[in-house]
Amino acid sequence: MTTVETPAPREMTVIYSRADRVFRGIVTAGALTSLILLGLIASFLVYRSSGIFREFGLKFITGTEWFSDSFREVGDEARPDSSVFSIGPMIVGSVVVATIAMLIAVPLSIGGALYIEFYAPRSIYRVLVAMLDLAAAIPSLIFGLWGIEIFTAFGVRWATFLNDRLGFLPIFSVEFENFGRSPFVAGCVLASLVVPITTSVAREVYSRTPRDLIDTCYALGGSKWGAIRSVVMPYGRSGVIAGAMLGLGRALGETVAIYLMLNLVFKYSYQILDSTGGNVASMIALKFGEATDREISALIAAGLVLFIITLIVNMVASNIVQRTTPRS
Amino acid sequence: MMQRTMNMTNSDLETTGRTSDPMSEVTSFRGLETRSVHAWFGKHHALAGVSLRFPERTVTGLIGPSGCGKSTFIRLLNRMHEFIPSAAMAGSVLLNGSDIYDPSEDPAMIRLKVGMVFQKPNPFPAMSIRENVLAGIKLAHLKRDNHDDIVEQCLTRAGLWKEVKDRLDASGGSLSGGQQQRLCIARSLAVEPQVLLMDEPCSALDPGSTLRIEETIKELAEKITVIIVTHNMQQASRVSDFCAFFLTDGGPGYLVEADSTRKMFTNPSDPRTADYVQGKFG
Amino acid sequence: MSTVVQSPDQSKVEPQRPWAVKRVVRATNGLRLAVFAVIAAGITLVTPLANADGWALAFLLVNLAWTLATAARLGAKERRDAIVRVVVSSLAFLAFVPWLSIFVSTALKGYKGLYPGYLFNDMRITSYDDELTFGGVGHAVVGSLIMVAIATILTLPLGILSGIYLTEIRGRLTFLVRFIVQSMAGVPSVVAGLFIFATVVQSMGRYSGLAGGVALAVLMLPTVSRTAEEVLKLVPDDLRSAGYALGARQWRTALMVVLPTVRAGLTTAAILGVARVIGETAPLLLTSLNTNGFVWNPIGGTLGSLPTYIFAMFMYGSEYSVARAWSGSIVLLALVLFFFLLARRLGGRNERRTRVGVGKAASTSAGTK
């Protein structure tokens, strides 16, 4: 008996031709551009806002005052700068409005997606899908315009109703009955802005449910709802969460619609029917107009905070998707 | 097994042929029967005039080259055909004498009685083995108390019990391909169908698993009717009591010959059947 | 007895659909909804539920009540199915109403301002308060198109290159590039505008169309990259293998085999990207501002655009200026619709696989995974 000596594994190296190396180089450089671009944006935001963070520290995030000492810039250099920059209420405002929007948008989106994919008559299916894609591309400016000119009348009525019936709850109480520019009404408009985006993603995911799994449900004598509940929903869960997170990102970063719908008030408020509110993005657009150089830096710091918040939302979303995607 | 086949050959495998008015004929035939069934996908005429009888507690193999409408045919037998948007059909399918395409029939109830196992094993990915077996009972809202018994009984009949009895809560996806397919069979059995349709159930499996499933099929035929589409001639000859040979001449698929499996493989009436079962084409 | 058939059944049989919902049933359903609509209208007259929203709520409640009443005599499974059906339909109804309202109200509020010269005139010699038969939106359309063109020229090559990197080269940085693209999709538009303001605008010393275009490019890049990746991913690996098996080098395979198969998909991706950024307002408020007259030079100074036109008209707040904002919205929506239909047309001409791919990419491009 002779033992056969196991041969050492051979290295297999791919040698690319010069043309291929050039090609790969160009493509890699192109791909790296977006990497570099994001790096530039991030490091630039950090660089420009570092002074603000050093001066105000954590106060920048928790404080409730935004005062730009613009007179000093026009020739009063001797006087110390008395500007105060902080965005606490705006962060809370962003979260409040976005939460209202998501609470309304998620059930509607799931309903809309299920309807289009499983209940709509086949004759209007394609029309609905096209309309949905189109609705997802309606500029937020037009949502803002519609919100303030058309929707506010309805929203105020709903807000009044909520305040009448549930006003004893602190969240539905108000100081002044001026519901038109309340986070609740703005949240409704934001919800209608988010719905097409989330619905679009959810419908897409639902439509990718393996047909044979659905067929199996029917072959076992299941009803449509049975198939949806036991196959479509579990299969699409991660996609729907991703879609909702995408919508949340949009809602947190929305600028013009909120700019048009809300009064910026630098005061912590949890009363969603009160006319105080605002969010970081619309604050940036609003304060930008007459900003001094120092104030621009402060706005950039606010932009950085917003950027980090949306980045976290994004990462949480992709994490959830990775953990909940069914393997089969 | 052999005994049973011999007994049934002469009396049961009858085809009604092209009766002028199939609806007028009152039948007391127990089992599944089709009367000049046609199928369309949009303008495409996929299947023409198939009349067949599947007696109770037998296994019938549907054989024929790809594209001759075998799969379309068995999807017609439990009303899965209608899920294709442009699909249409003609003729009638009778289960114990009543037309399953009658407007008053609930398709879900039909599918409870006529179950189906698909080509690719497809256990529900989000459910455990146990939940997979019980999925049909939950889906169809059947009232059953003895869930544990059902799980054991169905898995035993599908020939899977011994292998999984200690890990019923593991995911269905953790099984091998052959085990997954037997799980799918167990899942279909849990709702106690009268007929089980199998669309190439072994085409995605290795030879060992295939043999296991063939044994399962034979055991199933003690209690229910099995109709199996297969491309594998040996499989057809091993498991089936009867065979039906489908063919297409470029137009719609049609039934060429149906008879006892022994006759089909030894002395078929049509030369095309002989050529096909001997592997000369297809 | 056995069967032998010589040839297929030649008898003339008509296709039937026994499972189809009968026309009578469909008509009855339609009629029932119409009756519910009338009942709902009646309810708005006698109860506190009033106006369009009250009517809609009444309508949904009547429908729900009817379903619950009729479902009572069904089995458990059917009852649940019927109730879910009505709940899902009601949610969908509520989800679709806002967009319908937007399309309709934009048309109703904006059509007054549309006159033949609206698309070709600018606002140089017209005050925002003037009658609607003066002035127009031509300068804004031109500005928007210039900036979108700049954005497209910048992002299309970069997006396609990163798509090729992710699907063809699959280098060590694949994960990182994908992660970065995904993160960029989450950059709020106002932050992109702020970044371009603080870099391009401040270093050039003036606002410009170029700055606006670059800001739009930052927003468009992730969309285009992701769509390009999705489309390229759909090219079957067999095709690449076939290329290599013929002795083609990687770059030739990529350029001559892979890219041509998805040309339509990539075009569609770019056009959809354009449709998505053409209405962006916030970044342009920080980079290119607004003008009242035609400007063709993207680096000379401020450059108007449709979104900033609408924004300025609305913020001005007079009767005629707000009407102009709505007319501008019609033009903006029409542009979005135009790009959409163009994308569909181009995508539709291609073979089915790619079209499916584009549809998929189009709706996931905004940021799944």
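We call the chains A, B and C, going by the order they appear; numbering starts again at 1 in every chain.
In this section, a contact is a pair of C-beta atoms (placed from the backbone, for glycine too) under 8 Å apart; a residue touches a chain by one contact, two chains touch by 3 or more.
Fair warning: this is a prediction, and the values are worked out from it, not measured in the lab.
The most distant chain from chain B is A, comparing centres defined as mean Cα coordinates.
Set against one another, A-C and A-B show the most C-beta pairs in contact at A-C. Here C is the chain whose Cα centre lies closest to the centre of all protein Cα atoms. For the pair chain B and chain C, the distance between C-alpha centroids works out to 45 Å.
If you average the Cα atoms of chain A and of chain C, the two centres end up 17 Å apart. Averaging Cα coordinates per chain places chain A and chain B 50 Å apart. Within chain B, the positions touching two or more other chains are listed as 107-108, 140. Looking at chain C, one finds that residues 77, 80 touch two or more other chains. Contact with two or more other chains is made by residues 223, 226 of chain A.
By the touch criterion given at the top, residues 122, 210, 212-213, 215-223, 226-227, 230-231, 234-235, 326-328 of chain A touch chain B in their complex. Within the complex, the chain B residues that touch chain C are 10, 13-15, 17-18, 36, 38, 40, 48-49, 51-52, 79, 82, 87-91, 101-103, 107-108, 140-141, 248-249, 251-260, 263, 269-270. Partner chain A is touched in their complex by these residues of chain C: 51-53, 77-78, 80-81, 84-85, 87-92, 94-96, 98-99, 101-102, 105-106, 109, 157-158, 160-162, 164-166, 168-169, 171, 173, 176-177, 180-192, 194-195, 197-199, 218, 221-222, 225, 249-251, 254-255, 272, 275-276, 278-282, 285-286, 307, 310-311, 314, 322, 325-326, 329, 332-333, 336-337, 340, 344, 360, 362-364, 366-369. By the touch rule above, chain B contacts chain A in their complex via residues 78, 80, 83, 85, 107-109, 111-112, 115-116, 118-120, 122, 124-127, 135-136, 138-140, 173, 184, 187-188, 191. Within the complex, the chain C residues that touch chain B are 1-9, 11, 13-19, 22, 75-77, 80.
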